[in-house]
Structure formats: structure tokens, C-alpha cells
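Okay, got some structures for you below.
Look for chain A in each of the two complexes below; its partner is chain B in the first and chain C in the second.
And now, the complex of A and B:
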């Protein structure tokens, strides 16, 4: 049976869709079967980031309403054959997602895939609560700034109250993914530091993704950053986060500033 | 023009709980009203001076029917102080407010015709029946997250963890927080001026004891980030660091 992960945040624009695509592609490169599911009905983006926007024929709402079978709606990635996308509908709204329909789809996906990664819409309404409802694990995407941290805190509260796991009295596994982190700005006090965020949210950290132009570049060419440029700093951080999701224990590295190669070696000792 | 506040006393806002009679009508409403008339005939003045809440959960009626029901009850001298379980579309201006978060207590005993007639001498019941449960304190083992609120008018609240910005704790007694307090805390909310607030790291948005409140900007900057206890002396919130 596959594991269901919800990528959520409360606040919009913090990097949920980017992270869903990057983690999905990173897990798929370990030869595990992965499907990324877009729950943002009406404002879908995951198809663009995955570079599959021209290949969408059927979407999740079609499957829920019985107009299409699930395999017809799944889109296989052209670069990785173990990576699939279930797109959201762009022309409908979130009222077309029904609790029973979503449950049916997730249960069916669990039979065929190792990982089902649900890209939650922003907010705490229907779309977001349905995306988290069947999750086994949650990745809470947070930027190092106060409003994002507070919204994440709110979402963590909902993960502990409104999911099936919570209702059965089990503990939902929650992981913090800190995105758009800039060590220099954190040092200057323009951004919250890693420890501050961890202290407020008190859930385990799964990775720190540095603020980088590579992420934007990858989105614009329609490739998850872990596929577009696997050697870039954000891609490496996503690869590590994916390994931690799969259960490996790795030390967390705080992405440093861009000093030269020698500066990196000597600068750390001097400090 | 700006008004100058000459009186520095703060406004007291308190919580109190009252026991209300909850009426849950069923359909058809005219038959239910007949049964109510029958009850009122057996014990005149049963509803007189009692706070009455109308519970319309699962009752398939619209706003007009609800208005008629309220006026029908009004003619029977039953005045409704609040409505429970109504959809927003059922309520309009001039109607009693929507109430939420009611907790059940022992049912009211309906006076019955037989007991009044056949058994005029009843053994005296215990005069006071405390409507409080057994627990007088609760312990929360997890952080209280933004948007969550813990309401415990019966006694003390202890949180082993922090209270986030945008979360709130309302306790009838004292509040103990073994973590950072970034949200709002109201201790002694049912009129207990000896309640105290303790926290390991004070970064609160609002603090109140027995209705006297203090906002973040009223707190001494030297207390920020410190382990602090707060209590009430007269109408002033006092604070000192715990070391």
C-alpha cells in the first residue's frame, strides 16, 4: 500500500507546488512509483511545473463524476517513467470535490503507487481539508517569515484535528520543509532563523531549501528542479528531504551563502 | 478632533455562565405549541423569568416560520434569549442572537400533573446541586496552535508546550504554560481575582485576569521573553519574573 503525503502550508505562494513536483521527481528517481495529485481545483498549477499542461485530457473532477476512469486521467512524465500526474480541473471550482470521490481516488491510487503526493491549495477551506483528509504524513511548507509561520501553525492544528488519522486517534506524522531560506538575510535579522521557526512550530525539520533563481528557472521550463538541474543547491536539498521522507536519517545542513569553494572551507573555520 | 481619555480605569469584561432552559421544538410546529400549552397549563409560570434558548438544530424550517415560532412563544410569555443550531439564512435583524458551544447538563424536570396532585408532600431534595464535573484542572500535552482555543471555566489549565500567536486559553482558574506564551490568556474568567498566569517565556498578545486585561504594548519591555508570573492586585495586573 502506498503512502499518502499532503504538501500544505495555509499561506499561498510559499512553494507548495514547487515542492510537490521536486519531491515527487526526487522520489521517482529512486525507482519508486510516484503520483503527484493537484487538489487546487480552479487554480491548477502543478501541470505547468511538471511541464504537462498540453497533455491534460481528463482531470480529477472528471474521475469523481464518472466521466473518465482513473488510468485515463493519469499523465505519465516524459522524463521519468515512474512519475505520474493527476491534474486538477481548471474550469470547475472546489465544490466539485466530494469527500467520497476523493476517498475513492486515493484508495485506488494507493494500490498502484508507492507515494501519493497531494498538492494542497492555499487556505483552510474545502480544497485544503480534503487534500489533507486521507494523508499518512504531512509536509508543512513554510517560509522564514512570521505570517507564513503563523499560518503553518494553524494548519498543523488542523492536521491534528480534521484528518482521518487524527479522528481515529492516531498521530499524524508532520514534517517541516523550510523554503526560500537565505542565510545572509537571516543573519541580518531580515528573516526568521531556522531555530526560531523550529521553536515556534515544534515539528521535525525535513529540509531547508535555499532561495535560488534555479527554482524559478526550473518552473518556467516546466521541470521539477530535481529534474532540471540535479546539481543545483535547491535540488540537492530536495533530494535530501526526499531521502528523509523515505525514512533515512541524514544530518540537516543549513544552506550557506555563496562564497567561493575555498571561502567555504576556510570561512567556516574562521567563524 | 481627538477625544482625550481622562479616566485611566480599564473596562471590565467578565465571563459568567448561566443555566438556560433549552427548548427543542419538533415538526409540525402547531402541534408542538399545543403540547407546550398543555405543559404551561399544568405549571403556570414555568418559563417565567427563566432564560430560554431555542434549539433548532435539524429542524427544517425557514426564516418566516422561525419568526412565527418566536412570536408564538412570545404570546405565551416565553421570551427567547438565544437561538442554537440555526443556519445564517434563518436569522435576521431583530432576532435573538445565535449561541454556540453550549454544554449539556442534567435535564430540567418537567412538572407533571400527577405528582402535583397525588403527592403533595414530597421529600425535600438537596437544596443545592452543583452543576460542575469532577475535574477541576486539565493538562494539555501538546502545543496550542494558532486558531485553537481552550475554554475551561471549571478550573486551572496547564499546557506542557507553547501557546501560539493567534491561539487562546480561557480558564476559570489559573493558567500555567510550560513553554512560550505568544497568544492570549484569560485567567479567572468567571470572576476569580486570585487566579494567576504563569509562563516560561512571555510574548503574549493579551493577558487578562478576572476581566482586567493588558495588551502586549502595556507590558513592561523588561518582561518580554522572560519567565513571568502575573496576578491581580485590586484592578491592576502585577507581574514579576520567575527565577
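And now, the complex of A and C:
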């Protein structure tokens, strides 16, 4: 049976879709069968980040309403044989995403895939709670910034209350993915440090993704960053996070602290 | 450390951290508001059976931590009415 992961954050624009695509492609490169599922009905974007926007024929709502079979809606990635996408619907009413329909789809996906990664919409409304409902574990994407940390705290509360796991009295496994981290700015004291965020949210860390141009470049060309440039700093951080998701224990490193010779002479504060 | 640090302006991250800690402590206390409201009402009813209390003087707060949650109940019993009841 596949494992269901929800990638969530509360706040928009912190990197849920980027992270879903990057983690999905990283896990698929380990030869595991992965499906990334877009739950952002009306504002789908995972297809675009994955570079599959022109191949969408059917979407999740079509499957729920019986207009298409699940295999018809799944899009296989052109670069990775084991990576699939289930797109969200673009135009239809949000209410077409029913709790029963989602449950049926997730249960079916669990039979065929090792990983089902659900890309949650922003907010704490129905779309977000539906995306997290069937999760076995959650990746909480957070930027080192006050509003993002606050919204993550709200989402953590929801994960502990509104998921099937929580309702069964089980503990929901939650992991913090800190994105857009700038080690130099944190060192200078003008950005929350990793430890600050960890102390405030008190959930275990699964990775630190550095702020990087490579993320934008990857989305420009329609490839998960772990496929577009596997040697880039954010890609390597996502690969590590994916290995931790799969249960490996790796030491956490703070990436992106690349000060040159001059930077070192003048000290990290001079920049 | 570099010599520039002597002239450095006050940094902003510690303030962000402090503001978040204060805010979230407050928001977490009110997040489980359903449960807290129910508890508050029932606790008040039990106490009111024995002592005369002002409903506004009962405070129920919940504090969430990694391992434990703390439920704090503060009941203020006004002295004059307590005397009357005695």
C-alpha cells in the first residue's frame, strides 16, 4: 500500500507546488512509483511546474464524476517512467471535489503507487482539509518569515484535528520543510534561523531548501528542480529531504552558505 | 565576528521570533476554542453549585506544547458574595 503525503502550508506562495514536484521527482528517481496530485481546484499549477500543462485531458473532478477512469486522467512524466501527475480541475465548481470522491481516488491510487503526494491549496478551507484528510504524513512548507510561520502553526493544528488519522486517535506525522532559506541573512540576524522556526513550531525538520535562482529557472522550463538541475543546491536539498521521507537518517546541513574569499575577509555581517 | 559588528544596527530576527512566540501562545490558547468553551461552561456550572461565582471571572486557557498540553483554570471568587453564601 502506498504512503500518502500532504504538502501543505496555510500561506500561499511559500513553495508547496515546487516542493511537491521536486520531492515527487526525487522519489521517482529512486525507482519508486510516485503520483503527485493537485488539489488546487480552480487554480491548478502543478501541471505547469511539471511541464505537463499541454497534456491534461481529464482531471480529478472528471474521475470523481465518472466522466473518466482514473488511468485516463493520470499523466505519465516524459522524463521519469515512474512519475505520474493527477491534475486538478481548472474551471469547475470547487464543490465537485467531494469527500467520498477524494477517498475513492486516494484508495485506488494507494494500490498502484508507492507514494501519493498531495499538493494542498493555500488557506484552511475545504480544499486544504480535503488534501490533508487521508494523509499518513504531512510536509509543512514554511518560509523563515513571520506570516508563514504563523500560518504553519494553524495548519499543524488542523493536521492534528481534521485528518482521518487524528480522528482515529493516531498521531499524525508532521515534518517541517523550511524553504527559501538564506543562511547569510539568518547569520546576520535579519532572518529567522532554522532553530528559531523549529523551536516555535516544534515539529521535526525534514529539510532546508536554500533561496535560489535555480528554483525559478526550473519552473520556467517546466521541470521539477530535482530534474532540471540535479546538482543545484535546492535540488540536492530536496534529494536529501526525499531520502528522509523514505525513512533514511541523514544529518541536516544548512545549504547555500557560499561566501567567497572576499566575503570571508569582510565578515558575514558586512554583506 | 568582524570589526563591522561593532557598528552594526540592531537585528530584526529576534524581534520576529519574540512576536511570533507571544502571538502563537495566544492563538494556540484560543485554537481549541470549542473544547475550551465547553469546559468553561461545565466547570462554571459545577462551581456555581457550591459557590457563587461571576461567569466573567472564570478563565479557561489551553497551552499546547510538543509533548503536553496544559489546561489552566482560574476562578475568581468574589469575597462579599462568598461571605453571604457562608
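Couple of notes before you dig in:
Everything that follows uses one rule, which is that the second predicted complex is superposed on the first by the 257 of 271 C-alpha atoms of A that agree within 3 Å, B and C clash if a C-alpha of one lies under 4 Å from a C-alpha of the other, contacts with A are read in each partner's own complex, and residues count from 1 in each chain.
Keep this in mind: contacts are C-beta pairs under 8 Å (C-beta built on N, C-alpha and C of every residue); 3 or more make two chains touch, one makes a residue touch a chain.
Please read all numbers here as calculations on a predicted model, not as lab measurements.
Of the two partner chains placed by the overlay, chain B and chain C both lie in contact with A:150.
Judged by the touch definition given at the top, the superposed model places A:202 against both chain B and chain C. In the superposed model, more residues of chain A are touched by C than by the other of chain B and chain C. Common to the chain B-facing and chain C-facing surfaces of chain A are residues 146, 150, 153-154, 157, 200, 202. Against chain C, in their complex, chain A makes its touches with residues 145-146, 149-150, 153-154, 157, 186, 188-193, 196, 200, 202, 266-270.
Residue ranges on chain C touching chain A, taken from their complex, read 1-5, 8, 11-14, 16-17, 19-21, 23-24, 27-28, 31-32, 64-66. In the complex of the two chains, the chain A residues touching chain B come out as 146, 150-151, 153-154, 156-158, 160, 199-200, 202. Those residues of chain B that touch chain A in the complex are listed here as 142-143, 145-148, 161-162, 164-166, 180, 182.
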